[in-house]
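Shared between the two complexes below is chain A, which pairs with chain B and chain C, respectively.
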Partner chain A sequence: MATEASSGFEVLELRRPPLWWRLRSRTMAGAFLAPTIVLLLAIAGFPLAYNLFNSFRHLVLTEPGTERFVALQNYVTLVTSGQFQQPFVHTFLFTVVSVAIEFALGLGMALIMHHQFRGRGLVRAAILVPWAVPTVVSGMLWKNFFDPSSGFIDWAGAAIHLPTANLAWLNGVWTSWAVILVADAWKNTPFLALILLAGLQVIPDDLYEQGRIDGAGVLRRFWYVTMPLLKPAILVALIFRTLSSFLIFDVIYVITGGGPGNATETLSYLNWQAFLVDTDFGYGGAISVALIIVAVIIALIYMRVLRVET
Partner chain B sequence: MQRRRLWPAAVVAGALLLTACGASSSTPSSGPVTIVFATQGLGSEGSATKQAIQEFEKANPNIKVSILTLSPTENNAYQQITQRFIAGSSTPDVATLDVIWPATFAKSGWIMPLDRFHPDLSNFFQGQITAGTYNGKTYAMPWFINAEGIYYRTDLIPSAPTSPQQLVTDAQQVMAKDSSIKYGLAFEGAKYEGVVTAFINFLGGFGGSLNLKDIDSSANVQALDYMRSLIYQDHVSPPAVTSWQESNVQDAYLSGQAAFAMNWPYIFQLAEASGSAVKGKTGWIPFPSSMGSPQAALGGDELAINAHSQHPEQAWKLIQFLTSDKVQIQRALAAGDPPAVKSAYTSQLYDQAPYYKQEKAVFEYATSRPVTPLYPQISQVLQTELNAALTNQTTAQAALAAAQQQITSILNGHGG
Partner chain C sequence: MIAVKARRATGNGFFYFAVLLIIVFSLFPFYWVLATSFENNQELSLGTRGLWPAVWTLQSYVTLFHQDNFLIPIANSALVAACTTVISLFAGVLTAYALVRLVPRARVAVLSFILATAFFPVIAMVGPLFFAYKDLDLLNNYLALIVTYLIYALPIGVWMLVSIFSQIPKDLEEAGMVDGATTRQILWRILLPLAVPGVFTAAILSFILCWNDFVFALSFMTSPDRYTAPLAIVNLGQSQYQVFYNIIDAGVVVTTIPIVVLVLLAQRRIVAGLSAGSLKG
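Let's look at the complex of A and B:
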């Protein structure tokens, strides 16, 4: 049935299938999709709904027999207890700073890796190593690096006569945040770089060529060619990083445990405490729902600000 | 990476072979029953438990024991056990519990009071009995004891200090004299459970106690002030202790860089091992008290029976077997797990491991953490406030006042 077209492509001429087949294929499509839908409902839909349900109940595992419906009480406690505000501010500031740092570094790395140079393949592979290390491991790693007696940071600082020699980083609020930011950036920047690199690679070279002919310098070409065309990749990268920064837990749990005092406690830390320390699945559920709402709002803001048609 | 304190790594291989003759013969019952024993332990620890169970089964032909091996990670083990109890399962019949769990389990109705078996409590250390008692009833029997004390270099400090102040003076003198000693006193001050047990030890030095109604007593404030001074005034503890856990303290001591170090008994075996930098130069005491009695924070394991067990009699038999002198001594010698039974501290034990003599002296002061089902929440508050005071974000007085306020509201919020 195939005919050779003049362009060299093979064109398939298909007969319109009969009605019975079309109806059946629709049913078939549904049947084929059903397992996926069931699976999605089971692993995503059910836990979300069950958590929402729990958030309206008093449900403390160590108090069997006291489960009951309490309507919005968990949410009222969340807002009025004052427990939410400080972790929220911590989480918000951390998200802004960490995403900004990681985006700047990631973009720089992507631009470098986009260029032709010897050993580029090796660099592209090597750069992913930190990302492949489990967060708990990289957290412990950086905690040890910053240890004043056994870590190399203070040792190196002393070697070049920085005032940070013998600094107990985790003894102070700002220095503790610095350690967390470094550990987080070390692990996550490669991920951003990878997504941005993929975005760079689909920008056609002729656009740069045209820009050059029109007399645009490097910066202008970057600003008027690269950036607009990189937008979809930037959107994906920022949404991913912002949401996972917003939910930060493991790095903090490993490095500071929320300390010194409660200076590095974030919303996810609060959530962990409610679920696993207090075994309060009602209050913990309410915190989770609040986190989901904020996460959705963040995603919507990004979609709007960057206005990308999908 | 981090050494587990609360679940002593019990390793026995073969030692329990000898215990068969020590077990009492069983009274005949209707027929063989199978009970499930949930406990932690992989590798040699697991095979040791298996060996003990085989001997138990030999002595009690009507009881079969199946071992449910729990995760070696304390939090995971906790989840594995509580999942079954929450579901109302009749197994495991016997479960190994960390010393801080019995109150929570008892209040939730998961484990049964053991008073019906008339246990002989006089042979155990008082602190560990307290940890297994809830509302006046005994819910858990001690299996192995652990308590936290102060290691010191006997070659640098000829006589152990007898007061907190003297400890500081000794530490300062050693640091001034010997440049290889970088730390006067190493202790764990990170925001985790360890900072609470460290606090309990220091409290004993000043006549304080972890009374949940009186957390900000003047003695307690004094003890916390002392801990802060160690770092910021006396300079005998490095500022890094505020992020140190036991493993960091262990490294500091075993590398020979600390004059004093607060830690658990397992260090003693490591210190006396061949090749150790502090071999033959190590002593261990409870944190010295200038008033009243010292305190040594209690750790260790307990054994309890599932409230829904169908075979409580048989379960109790197993507990009795595991807490018999002979089993305890052999396990201690092979694994370095300190016996919970006082009568096990005999020459038979000291001949092979003389340091158990010093360990027993510390265990006499073993002090339980507050026995309440709300302990996890209370500990979280204490961890935050103690660490805030140690990192100089607030004063001792303010930190303990804030802790008191939060603890009171936790106790009230859940009806005590």
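Let's look at the complex of A and C:
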């Protein structure tokens, strides 16, 4: 030690820190990590455990004194009742359709913004605003936009003689979904576009140059150069969007309230109703557990794809 | 940050038409909301008669602030979002520092845990937390939202701060250490000032995410004087015979303005932060 220390300057970095220092810094690290970990365990870990626990019990707030262990009964209800199947199908289809539309639009937007042009900053600011506004705001905004009396669509349709005059969009099942899809795409496409744009910007230009020399056209360069290199960004963007699309709640609550009838009820909406309208925390817990499982599956599928492909 | 290598536009008409389409699609609905918010009740009940309202009045804003007391939900939203942002930045800075400098070996494990919580379905938190807050007598209490909103702010905050701290060279801290600075001094006096722009971005993102919440406010806040802005909007302008979109839209405009200001203030940084947070995994 003594000889090392006397040999000079660089030793300072090579020498292992003394034990007391290492212990102290480890204790300190524990203290530094504790608030975050404790808080996240309290607000996410606890709900996970409590939902799981409640899902095996009969626990309805408005029926005090009836709490009891019911084994799998809540799950049996969940699988056998149409009350769950219909929202499940809705949610699944909505997720597939909305993510597909938003991905196509987002990729288009990203490819456009990848060019250098006057007003590029303006476009970025313009698409960031829909992304940043509350979902309730975007829901209300589009509900108003499609309103048969004071909406733009009604007026514009009449102006170009479309048969949409006084069409009550939210009275029909398909038209309700259309409004929901537009509201969702308007708010979420910018996120996809920005992630994909960031992915595009790290692809080296030489590769396109190489492709051009090899005689590849625009489409071939896109398919063989852009797409493979964009894969990590695509996967990240798709994981985030698929999960949040699958859990859609705010837009449904604001625009249709699950209607007409219960035609636009999604799983999150069903779950919220179970908790706060029916105060059934057993059945609600079972739906939550199902949602968590699906979320994990979605994340695993994408991670699997990512690992296999890279 | 990544080197931005944009390609030059080919400059054809189709390209600029697409650009125009993006801008119109993004912004025109805002114009519609703004125009509607300046209509009075009579104009509104006549239905849409053009792109430009016949009368521009502030009537709906007067109703919004006087009858509906919309300043209260705005203040509630601001208070809750600000408190969550401060707590999450404080906890986030400590965590990020520990993961980058003190125990880098724990980094992957802790970050995976944090990422997993970010993917946790928000709706699955509603029931158990409702129960817990009911027992703790925290329903209708700001604290319930402040704590719960950490699920929005903390994961992305830690994630961004870790990526920022990793980019700061160790030299300065080592110099500080040689001069006998304590860990606390190194963190607050040396590292943090260097990370200010990144911390600022994390703060803005966190504030936006909290400001935008609906489901927790809907579930935990029971009296109108505790409503947050999005929750109050849902209850605006309803009457038995008509939906007063002019008043709803006034609420929408007032709720959107702070967000627009924040986004315009930090658009470059938000974009960089979003992509750093999601691409450096």
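Assorted remarks:
The rule is simple: the second predicted complex is superposed on the first by the 266 of 310 C-alpha atoms of A that agree within 3 Å, B and C clash if a C-alpha of one lies under 4 Å from a C-alpha of the other, contacts with A are read in each partner's own complex, and residues count from 1 in each chain.
Methods note: a residue touches a chain if its C-beta (ideal position, glycine included) is under 8 Å from a C-beta of that chain, and two chains touch if they have at least 3 such contacts.
Note that this is a predicted model, so its numbers are computed, not measured.
Aligning the shared chain A places chain B and chain C in steric conflict. Counting the residues of chain A touched by each of chain B and chain C gives the higher count for C.
By the document's definition of touching, of the two partners only chain B reaches A:273; chain C does not.
Contacts of A:258 after superposition: chain B is touched, whereas chain C is not reached. Contact with chain B, but none with chain C, is seen for A:63 once the two complexes are overlaid on the shared chain. Looking at the shared chain after the overlay, A:93 reaches neither chain B nor chain C. With both structures placed on the common chain, the touch criterion links A:147 to chain B and to chain C. Look at A:173: by the touch rule set out above, it reaches chain B but stays clear of chain C.
By the touch criterion stated above, A:79 is placed in contact with neither chain B nor chain C.
Once both structures are laid onto chain A, the chain C stretch out of 148-156, 220-228 or 256-264 that overlaps chain B is 220-228.
Across the two superposed structures, the residue set of chain A contacted by chain B and also by chain C is 140, 147, 149-150, 276.
Residues 12, 25-26, 28-29, 31-33, 35-37, 39-40, 42-48, 50-51, 54, 108-109, 112, 114-117, 119-130, 132-137, 140-142, 144-145, 147, 149-152, 154-155, 186, 190-191, 194-195, 197-199, 201-202, 204-205, 232-233, 236-237, 240, 243, 247, 249-250, 253-254, 268, 271-272, 274-276, 281, 284-285, 288-289, 291-292, 295, 299 of chain A are the ones touching chain C in the complex. Listing the residues of chain A that touch chain B in their complex gives 60-64, 140, 143, 147-150, 168, 170-173, 256-263, 273, 276-279. Chain contact summary for the complex, chain C toward chain A: residues 2-11, 15-16, 18-19, 22-23, 25-27, 29-30, 32-33, 36, 44-45, 47-50, 90-92, 94-95, 97-99, 102-103, 106, 110, 113-114, 117, 119-132, 147-148, 150-151, 154-155, 158, 178, 183, 208, 211-215, 218-219, 229-231, 233-234, 243, 245, 248-249, 252, 255-256, 259-260, 262-264, 267, 270-271, 274-275, 278-279, 281. Only residues 1, 75, 82, 86, 104, 107-109, 182, 190-192, 238-240, 242-243, 248, 251-252, 373, 376-377, 380, 383-385, 387-388, 390-394, 414 of chain B touch chain A when the two sit together in their complex.
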